[in-house]
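All remarks here apply to the structure that follows.
In this document, chain identifiers A, B, C and D correspond to the written order of the chains, with residue numbering beginning at 1 in each.
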Amino acid sequence: MKGKIVVVVGLVILSIGLVAWGGGPLRATFAWPTYIDPAVGSDFSSSSSLVNLYDSLVYPDAKGDPLPHVATAWETSDDTLIWTFHLRDDVTFHDGTPLTAEDVKYSMDRLTTIGEGYAFLFLGRLASTDVIDDYTVQFNLAQPFGPFLSTLYRLYILNKDVVEANIETPGPYGDKGDYGKGYLLVNDAGSGPYVLKEFRLEEELVMTKNPNYWIPIDVDAPDEVRFIGTTEAATVRTMMSRKELEIADQWQSQEALVALDAMEGVDIAAFSPGTAFYLMMNTRIPPTDDIHFRKAMAWATDYATVVEYIFPGAFQACGPIPQNIPGADPTVFQYYRDLDKAREELALSKYSADEYEIEFHWIAEVPDEEKVALSFMSNMADIGINIKVVKVPWMSVVEEMGAVETSPHIVSIFDSSHYPEAGSLLESRYHSNSAPTWEQNEWLLDTGLDAMLESAINTVDCAERFAKYAGLQHMITALCPTIFLFEQVEKHAYQSAYIDWPTAAGEVNPVMGYNLAARFIKVD
Amino acid sequence: MGETLLEIGNLHVEFKVYEGRLRVLNGVNLSVQVGERVGLVGEAGCGKTTTMKCVLKILTSPPGKITEGKILLHDKDVLTMGSQEMQRVRGHGISMIFQDPTAALNPVFTVGDQLMSVIKYGSKGSLSKKEIKKRAIGTLREVRLPDPERIFTNYPVQLSGGMRQRVCIAMALSTEPELLLADEPTTSLDVTIQDQVLRLLNELVERHGTSVIFITHSLGVVREMADRVYVMYAGNIIEGARKEELFANWLHPYTLGLMNALPKLTGGGIAEGIPGRIPEYLDPPSGCRFHPRCPRAMQQCSQSIPPVVHAADDHDVACFLYRGETDE
Amino acid sequence: MSMLKFLGKRLALSLFVLFGLSILIFTISRILPGDPVRMALGSRAPQWAVDNLREQMHLNDPLYAQYYYWLTGAVRGDLGQSLFTRRAVIEDVREFLPATMELALSAGVIMAVFGILLGAVSGRYSNTWIDNSVRIFSYIGIVTPSFVFAILFLLLFGYVLNVLPTMGRLSPWIARPPVITGMVSLDALLSGNFAAFGDAIRHLILPAVSLALGGMAQEARITRSTISDNLRKDYIASAKGFGVPERLVMFKYLLKPSLIPTVSILGLDFASLIGNAFLVELIFNWPGFSRYGIHAMLNKDLNAVSAVVMVLGVIFIIVNILVDLIVAWLDPRIRLGAERGK
Amino acid sequence: MNYSRNTLLKRRAEGFKKGWYKFSRNPVSVLGLFFVLTVSFLAIFAPYVSPYPTHASRFVNFAEAGQPPSLKHLFGTDVFGRDILSRVFFGFRYSLMMGVVVLSLVVIPGVVLGLVAGYYRGTWIDTVIMRTTDIFLAVPPLILALAICSVLTPSVFNAMMAVSLMWWPWYTRLVYGLSSSLRTEFFVQAAEVTGASRSHILFREILPNCVSSIFTKMSLDMGWVILIGSALSFVGLGAQPPIPDLGTMVADGAKYLPDQWWITIFPAFAIMITVLGFNLIGDGFRDLFALEEV
């Protein structure tokens, strides 16, 4: 019954919205799957959708620093373990009910219980959440956590009543049943600037402007946002040429981008999103468990060809952290192609070059990765190492990286930080806790490193924290667990003739997903 | 006898196949008088059926093609008739019984359906559906099929070979044609019922007064059924005469061969056939097509086609052995 | 009646086949190592939640018990949870199947109608230029993979000529008709929304045609050869000889028997059509069951894979029964053979 | 009992000569044979006839990527700068290999099962074998092959295994039909009466009479198997890069259409020519042996 009312209210709002405003539709292509459940989604397409559907306590500015959003102010206790947030009282969910501290607590509890998506940012750090009053919420940390504010971008606030009303039992979460996962898979329960209108799995996600949003949205912001689930080059091209698509996905190949760029009114927005491309080596299986073997490969890799021909505009990475992320250290050691050095290292290795065939897995959804793979393969052939290139769909990569024995020798993956600080990537890439996730194929499982990482992240003082980050970067680079290939330049073809996209104009938000916050984009 | 019903003159038919042209009919001449029963005899593959199909204009074309000749029915050339006119000729003008009743009946329609179509389109005047059905069942009864109502609703697959041929006869006679072409109607049947069917056919034809061209490879059958006999070999009529005349004074060496192939009731000897086979039509022998097999072949036989001569009264033969009046 | 017996026997056999197929699929889906619960809940889910779900999915039971649960679940319509869409597979089936059926049925109709038409014309006028062009077309149709057709059409009509839509089932600006059958074009027609109907049909053309061409060529070839064989049959000559009008002979007495081989092969062609839908839906971004299936397969979403194969098995079996019935209806030899119990 | 076989064999030899004559008179079949021989020649001698044999394996040269057809690269180069002509030649190898391996794995068990089931028609052996084939034939082969491939690591070998697993029932069914009608033939019964062993009857009496049908089906199937193989590669479940598989080449090239059409079009034509060749030959056989049921 309640669901029906929500739908009716939504429809009314929607029809008013259509009459009142005039920004054209914004259509963007995406790679599936997209999960709009804040406790499940964490990849690019999911994040971009969550940003539009939900609100968070704080919001990143163009540099990634936190601005007040649903929270107007906050204070911390002296030991930095208790964070108290004061909420606005004029924020309403899409069904018109007010957003309160209870909803914030519910969202946090749900996120950490389910443990998927961005939950890892809080797991182990957050002890509990308390509701002080309707508009005051308090987080109790288990240990000091320097970048806590930045991680709160990823706490998307759910409408507790709506979720509770749609719980299905039985489910894996005890008396919470499925914790509303079934419902939130295809419905939103947020307060964000856009309202979910339609969500057709594997097809498209349609959102319309929220006319009652608590911040006035620009008239020219798109009335309707469509995220279309395809990255098929031919389709993207056709739609772009017919002006049925405003922003193309970043997975288009170099060749496709050239063709898109040649279209009238279409330009390429290129920016550095703080994403790096890693060749992650499994340090637990032979022969990549041998540091000399890994170093030999790092020396034999032809970095120049990759950045020159395969990802033009990108540049060689300097250690594990992209340079535009706060806390990145530009002084870490950079490998370059030197076959003599590679052979020297190979001689030191306990394995001979051709003893094993090295499996190199690349993500099927990103065609250009094949070029890297084949380039790497021919590089390694120069020092006698046999590479077997395997194309693997994303979901399978995630699955095989879940266990050390099924993790391949090398996986090539783009990864970016979850909050704008070096600590994010350092942790998600190299902490033992993240070893079974897709963000780590290295399986370092180094307790010393874990301790150092935790100590860095727990440091509240910024300068001190950054110094610890720098040390970690040097230390990891010395282990050579990864070939730090390049820092990505994300390229989106977009309709420059009729959309005004701040990101394309240089206002690049380093937090993943926020460049597609539709309320800042203007469509004529 | 009386009026000429059908006259075939100098009929040539070719089949165009991948390898070239098969000259299957090479100038066939034949005529049928009203009420006459004509037997057409020859080995398998000599062009009997093709000739009959030409008369009905149901020769499959391509690959078959009539290149020359005329087929006069009541002095009107069938070959120049339009499809409308031809439509009227078929059915109540001429109808045909095929060699293999299994092939001649459409396997996916009931006997009744097929019979009714034939009566509807083949009869003179228009009949109501009820009349058509009544007539169809009547015809089935006439060919002495047991339980005609049931057979009317049966599919051919439910009938035995002999019953199927009776159905075919019923179909052929249901339109009361002037001329019936019976193409070896008993060949595919069991020996035991061949005679039955033949006798039935003969009886019906006599009762209706229908003219018949009776095709067979056996002179024995002809002796029982025909008033006049034509002997055909490799696309030519090589001899034609009244039955009594032919059996008394056959002339052509090929006819002799056929006669020898007849089982003799007296003497008890095994029939001797004619050595050799029907020639290839792709490159038929020059001159008389029978000459390679002919025991009495002469030099000129391979050089020119023997003309048709009136060897005796009402007895024509195409052979250089005989010199009578030449057909103009 | 014995026809019922025939049908009953056919159905019993189908049930047996489905049962066998379910064992086959279950075996395939359990070959793979890996923990489906961890995959469903993610690597950071708390252990107690994993254990809960493991219990609920009966994964701690022996394999034969698991098969029993899986099978009884499947019979009730519970095919488990998809790892990829994260919801009950049966819901996915309900959502995606109509799109594929819409595509497959349109392609099937195009295939059958045009295949028979082309074959009939070609057989009727055999060895003429019409016949030769149809035969060349059939060869091209048969040897060209449907994904090549799809790519060529996408380029030619979608990109170069820009006359037909190349993705999805409906243009974004068209209001969706209410879901009645789930087949957009049919729903639009039923609800009287002709703008949507036209748009849906336009979206259907390219994928349906690229899907249909291979089978169409096959049908044309078979029909051609039966028609030209049957044209030489005595019963055609005899029908003509008895004065039955040419048109009636062609459309009744020739067509019906000639359709039998064509219809019998139609079932097989429909099967390969559904198989090829896997590739064509991918190319035209058709949100159908086959595209779902291919994603499931690529992502080792085993519940979904088993469901896809089982559902397609059921469809295929139904189609084959239908084909058998049509053939039996067309061909009394088979029907009566069945009646007589052979 | 040898009488029947010897005359059979003799007739067969005679028939073969005559058959070849008839076959060679049919220009369409000869064209098919020409295609197949050309493709096989190019495949076998790929390292010698292709202009850049190294381009078929681990080779990249991004400086020469995406070049249109020219004298230097007759079919142009792909996005890795590899010569497409050379890769098509090597691609024939994998396509043919797919066909040959699958058929050689499939035909023997398929035929043997079909023979046995047909010979023992009506017994439980027949039931077990034929109901099993029914199960395999219940789903379009491409789908089941896809499903099997999906649980295995994608590779040429696994794709072949998957297709083979799907394909044998077709032979079983074909031979079953033939052998169950042949066993009532006179010469088989004659052999039975004279006390010939079962294997003799199956393999010496019945099998030779199925050979023409099997042979025809095999040549047609070469084409189908190659098509299915290319479909598997197209979705990424078959050959893995840098193996120059034609299906993979079409799929990968499709991303660069229409500008770099040569990357897709030439491999697509290569598939079509190969399949066409085997199809034409198969049709030639079918006409030759006057078969309907293949």
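Everything below uses one rule, namely that contacts are C-beta pairs under 8 Å (C-beta built on N, C-alpha and C of every residue); 3 or more make two chains touch, one makes a residue touch a chain.
Computed from a predicted model, the values in this text were never measured in an experiment.
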Hypothetically without chain B, remaining chains sort into one piece
Farthest chain relative to chain C (centres taken as mean CA coordinates):
B
Which of B-C and A-C has more C-beta pairs touching across its chains
A-C
Centre-most chain, if every chain is reduced to its averaged C-alpha atoms:
C
Centre to centre, by mean C-alpha position, how many angstrom separate chain A and chain B?
89
Chain-centre distance (mean CA atoms) for chain B and chain D, in whole Å, is 50
Whole-Å separation of chain centres (CA-atom averages), chain A against chain C:
39
By the touch definition above, chain D meets two or more other chains at residues 236, 254, 257
On chain A, where are the residues touching two or more other chains?
234, 364, 393
Can you name every chain pair that touches?
A-C, A-D, B-C, C-D
Chain D partner contacts - residues on chain A that touch it in the complex:
233-234, 253-256, 259, 305, 308-310, 364, 367, 370-371, 373-375, 377-378, 381, 387-391, 393
Under the touch definition given earlier, write down the residues of chain D that touch chain A in their complex.
58-60, 62-63, 65-66, 79-80, 153-154, 236, 240-242, 252, 254-257, 259-260
Any idea which chain B residues touch chain C in the complex?
53, 56, 58, 60, 62-63, 83, 87-92, 94-96, 98-100, 103-110, 114, 117-118, 121-122, 155, 157-158, 168, 171-172, 175
Going by the contact rule set out above, which residues of chain C touch chain A in the complex?
33-34, 38-39, 41-46, 48-50, 52-53, 56, 83-88, 92, 95-96, 151, 154-155, 158-159, 162, 166-168, 172, 282-283, 285, 287, 291-292, 295, 298-301
Seen from chain D, its contact residues with chain C in the complex are 131-132, 134-136, 138-144, 146-151, 223, 227, 230-231, 234-237, 247, 250-251, 254, 257-258, 264, 268, 271-272, 275-276, 279-280
